[in-house]
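These notes open a run of structures that come right after.
Same chain, two partners: chain A is paired with chain B first, then with chain C.
Moving on, here comes the complex of A and B:
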């Protein structure tokens, strides 16, 4: 389909005389054009346009969209405005979810990766089983778990009852049950991803370090503390940052499992932004919210990244 | 973007683990055997519990409505029936089969668009010297850091301006500018010995011919991995289709599942039939192409 954009001397693409490595100066740009068109229209333009919108009282349904400067941002920090409470409530929900979900997503996959590191028959089957939920979409995962967590007929409450535990927790309509459910589902869905990255990093730790530790009589635990953890430190900051960002962008689980209930307690920031902008069509407000969320995430990511890096330097 | 230097799924490990257990020097004691059996039993039990929700989903999709909500819950359908599938296929407000087709069309075209545009862009960035190359490269890699949330509202308006709202194009094209794809393919192109391309050019081949006849055939595994990942991402995408597709018959399966859920809140047999249809293709791809998917996903650093 793009064959016509490049002039060739003969139809088969071979010119009579070798031109060496220098083609026309246009050649690289012809190759780049299709990508750059998509990139400009759907990345560059939206980023700039988003900033522009956030400076206007932009309502999709109204013809006039006057410039308001930083009013949309100011409203987010003014307790008397109508956007203040819903936005910060959603930021709070995002914060709660992130704080609850990041630690298990750092620890459980590490435990799985440590088990999978040993070379035993069937290891790849186990690895595939733990990774499998990750290839499913959030819609499947959330719809499935809303069924399993149904407080009347769900499997989870049934088995809890069998074990003599409370069997009437409303996992999707009350807190703190809803938080436990959202975190649990997210951990089940994505732990395979972190485990696979841990596993690769574990395989990079030189076996000689363990040999040396064994010679020194180190126990399994002290090998873990003195060999494994330091070896994982660089990858740990990577996993921590991407897990933090993924958790802070949580949307589908809340949208499908709890619909933000009870009240709006589990309505996350992304949920609030899309509902404000794409259902309520108050796009100026929504854009301002998305930049504030981004700003917070950039700061947090930087803190996590620096924290892990400093720890590494202290050891060195 | 990737922080893992080695590939998570090592081709060699498959063989080591599957076929060639390390030869044992002496027979294991009874206690050692018992310990090993116990450990295996524990692993198998954990893995079985872990995967059981998926099994339950598929089983429930073959139950009748009352059977799916029976108390206490049962695992095996009684009787086995395809009633749930028949119901969702024939319902006009939730045309699941149509959604399946929409998803298939969208994910396939999206994957093709990603691979074609990324391969074309990655080649000059890997192999040609031109002014502006480092700027383009920096821009592309820089977008890996742009949080998707700031694109949602303005992209919606751009798509509206283009007249694509409520059409499948809206879920095929806007997300196709894949910075990861360009980065990933560029790395692969750089790993191809340049002598092959030089030989072709000495024979008088121009850049286009070198690209299509020398580079692309060599890059097939990388192109296939990228296509696979783009297909999976698009097939599973949820937030964007929910907001840009409104007509019942234009939805993709994940967005459709939300519609199905609001139309049949506790008809879990129907919901599980929909969820099973949305899972089956990606699980099938995963079973057959596991190594490429795990390796590629880990490399892309994309977390859901």
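Moving on, here comes the complex of A and C:
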């Protein structure tokens, strides 16, 4: 797998191919055009336009949208401004959620994929059950759990009480209870997706490797450490990055379940950007916030890539 | 790793793009249309057949009533067909400006009094002064605050349909069991009622919500304690005044004194009231039809005067005619006919649980034997937010959060209100710059 995704590069930027090119040099570009058009219209143009908006005091309903230069960005770094506190509090919330949700979203789906790989009766039903929540929309998931988790009228605390466990934790209005609830709901909702990707990768690991390991007398744990994990390494970095980005973009769960409660503590960055831009009509501030968030995410993703790359080089 | 990298990069771009795309779609469409469409209004519409888009947010027990009234209007008018589009209020105020600037907005709409100034300042509404002349509507038929808050910059933008306030709902069975004969009207009798209810076995008789409608309760209490949350004309937030702190401290004391469980999440207190788990709740009169349908033994009374003088938070639904590029004389005139007809029928609207805005309609007997009749008598003590552009968004970002923190006990009333006041004033200041006052 590693070999196939590292194409040999020539100085002219095209992959080295032994056979000569047939047809017009434009052919690849023509095949790419449909995607490039969409990419330009829905990604490049909005990004550039968003950058432009972030340099203005931009209320789209008003004819006057004065140019303010980098003021919107400067405000984000000026503790006395109106956007500093809400924005960085929301970045903190995003950080907390990401740190708490990424590890379980990497580990639990792996465990489930390992179980689902085994042969046992009812396996397909089992797979379907774990994947099922993923097909639900965030609104369904969040409203469902918001009522189940309600500390005064919800079923979760009721059953905890029946089991003799503490039944007075405010899952939606206090921290750390709210974080536990948000992470739990997110894991319950999305673990099926990661599990399916893991499962596909697991099925790609050649059975011969396990056989060879068994012949060498490796225990189940050694097989996992020395065969399964290395086999998963390429896909692991992919899952790590998409999970990281998905967690950093969390919005619906806290918007619908906690409304950012208590206070603003569980209000994430995307939540704050939405409130500022679409409810407060302060598009300039909101755009500046999204660029700062994007910048932070680019850095984080780069760190994840570098971490995984180094590991591979160590192995090599 | 090239594949993975490019996937990730694509995802990263799309994040930035998400916000920006929305902005692009919304902003690419220019600003509102010509404000002078419509011309002289004659009171009737005899143009070609026309279809009017009518937006409102009546998603509760009030919705079916509005639809009935629209159906009747359509029956009575051969050449006008009104098509309703009901959007929850929360989304309504987000969607309407976007739709209007894109030229996809409605021909006529209903919005709250405290939103009128924001929309008028954005030049999204058509002045309706000629319509009030035509209808013979004048200030003396309306409560002063309702009438004047629909004006912005010397022009009238809304025709008030109703007023609606907070009310105190109570479970009549619980009151009977606790031996409460007189509905509490002040701080003392309210506490006495709570104590009596507790003694009768209702351990938590008054659940204090942390979010909606908690900030409406807080505003009510601030006014009762003599405060002026936004100054006299909405020029300055004063949540941290003595009245503001007292209001929040009283809300918190309900929890600390054991009348309410802690950490009551949004909507929970209302669900609990409907289930008979709590005996009293303060909520809007728009809940009346929902409570009727639930079969709960309940009654409604004015919110007791906890502070020094009676006051209660209120709001009003107003008809507006938005401006947009597609507006022509026909649609505007047909919309005026619709608004005029609706205003004249506001007595029927009382069936939705609301209180008609016009004195003449209120005194005509439409409120006799209605649940909200008792609350309508309190109309003189109803208080409205000042007509300041952008005040709704300011409040959502400041007072609502401070009240939530104070009620949950995560911050002291003083700390919460001081911070909220500071940022509210900052936002009000920025709004003044935005709207060019």
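We adopt the following convention: the second predicted complex is superposed on the first by the 268 of 316 C-alpha atoms of A that agree within 3 Å, B and C clash if a C-alpha of one lies under 4 Å from a C-alpha of the other, contacts with A are read in each partner's own complex, and residues count from 1 in each chain.
Throughout what follows, a contact is a pair of C-beta atoms (placed from the backbone, for glycine too) under 8 Å apart; a residue touches a chain by one contact, two chains touch by 3 or more.
All values reported here derive from a predicted model rather than from experimental measurement.
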First (chain B), second (chain C), both or neither touched by A:193: first
Which of chain B and chain C A:133 touches, first, second, both or neither: first
Contacts of A:229 with chain B and chain C, given as first, second, both or neither: neither
Which of chain B and chain C A:28 touches, first, second, both or neither: first
Partner chain in contact with A:308 - chain B first, chain C second, else both or neither: second
Touched partner set for A:204, first chain B, second chain C, both or neither: first
Contact breadth on chain A, by residue count: chain C or chain B: B
Partner chain(s) touched by A:115 [first = chain B, second = chain C, both, neither]: first
First, second, both or neither for A:86, with chain B first and chain C second: second
First, second, both or neither for A:165, with chain B first and chain C second: neither
Chain C-contacting residues of chain A that also contact chain B: 6, 42-43, 45-47, 49-50, 53, 60, 146, 150, 152-153, 234, 238, 242, 245, 249, 273, 277-279, 283, 286-287, 290-291, 293-294, 297
Interface residues, chain A side, partner chain C - complex: 5-7, 42-43, 45-47, 49-50, 53, 57-64, 81-82, 85-86, 146, 150-153, 170, 172-174, 234, 237-238, 241-242, 245, 249, 258-264, 273, 275, 277-281, 283, 286-287, 290-291, 293-294, 297-298, 301, 305, 308-309
Residue ranges of chain B in contact with chain A within the complex: 3-10, 13-14, 16-18, 21-22, 43, 47, 50-51, 53-54, 56-57, 60, 69-73, 113, 116-118, 120-121, 123-125, 128, 130, 133, 136, 139-140, 143, 146-158, 173-177, 182, 198, 201-209, 211-213, 232, 235-239, 242-243, 253-255, 257-258, 260-261, 266, 268, 271-272, 274-275, 278-279, 282-283, 285-287, 290, 293-294, 297-298, 301, 303-304
Of all residues in chain A, those that touch chain B in their complex: 1-3, 6, 8, 12-21, 23, 25, 27-29, 31-32, 34-36, 38-39, 41-43, 45-47, 49-50, 53, 60, 115, 119-124, 126-140, 143-148, 150, 152-155, 158, 188-190, 193, 196-197, 199-201, 203-204, 234-235, 238, 242-243, 245-246, 249, 251-252, 255-256, 269-270, 273-274, 277-279, 283, 286-287, 290-291, 293-294, 297
Footprint of chain A on chain C - complex, ascending: 1-5, 7-8, 10-24, 26-27, 31-32, 93-94, 97-98, 100-101, 122-124, 207, 210-211, 261-266, 268, 271-272, 275, 277, 390, 393, 396-397, 401, 404-405, 408, 410-411, 423, 426-427, 430, 433-436
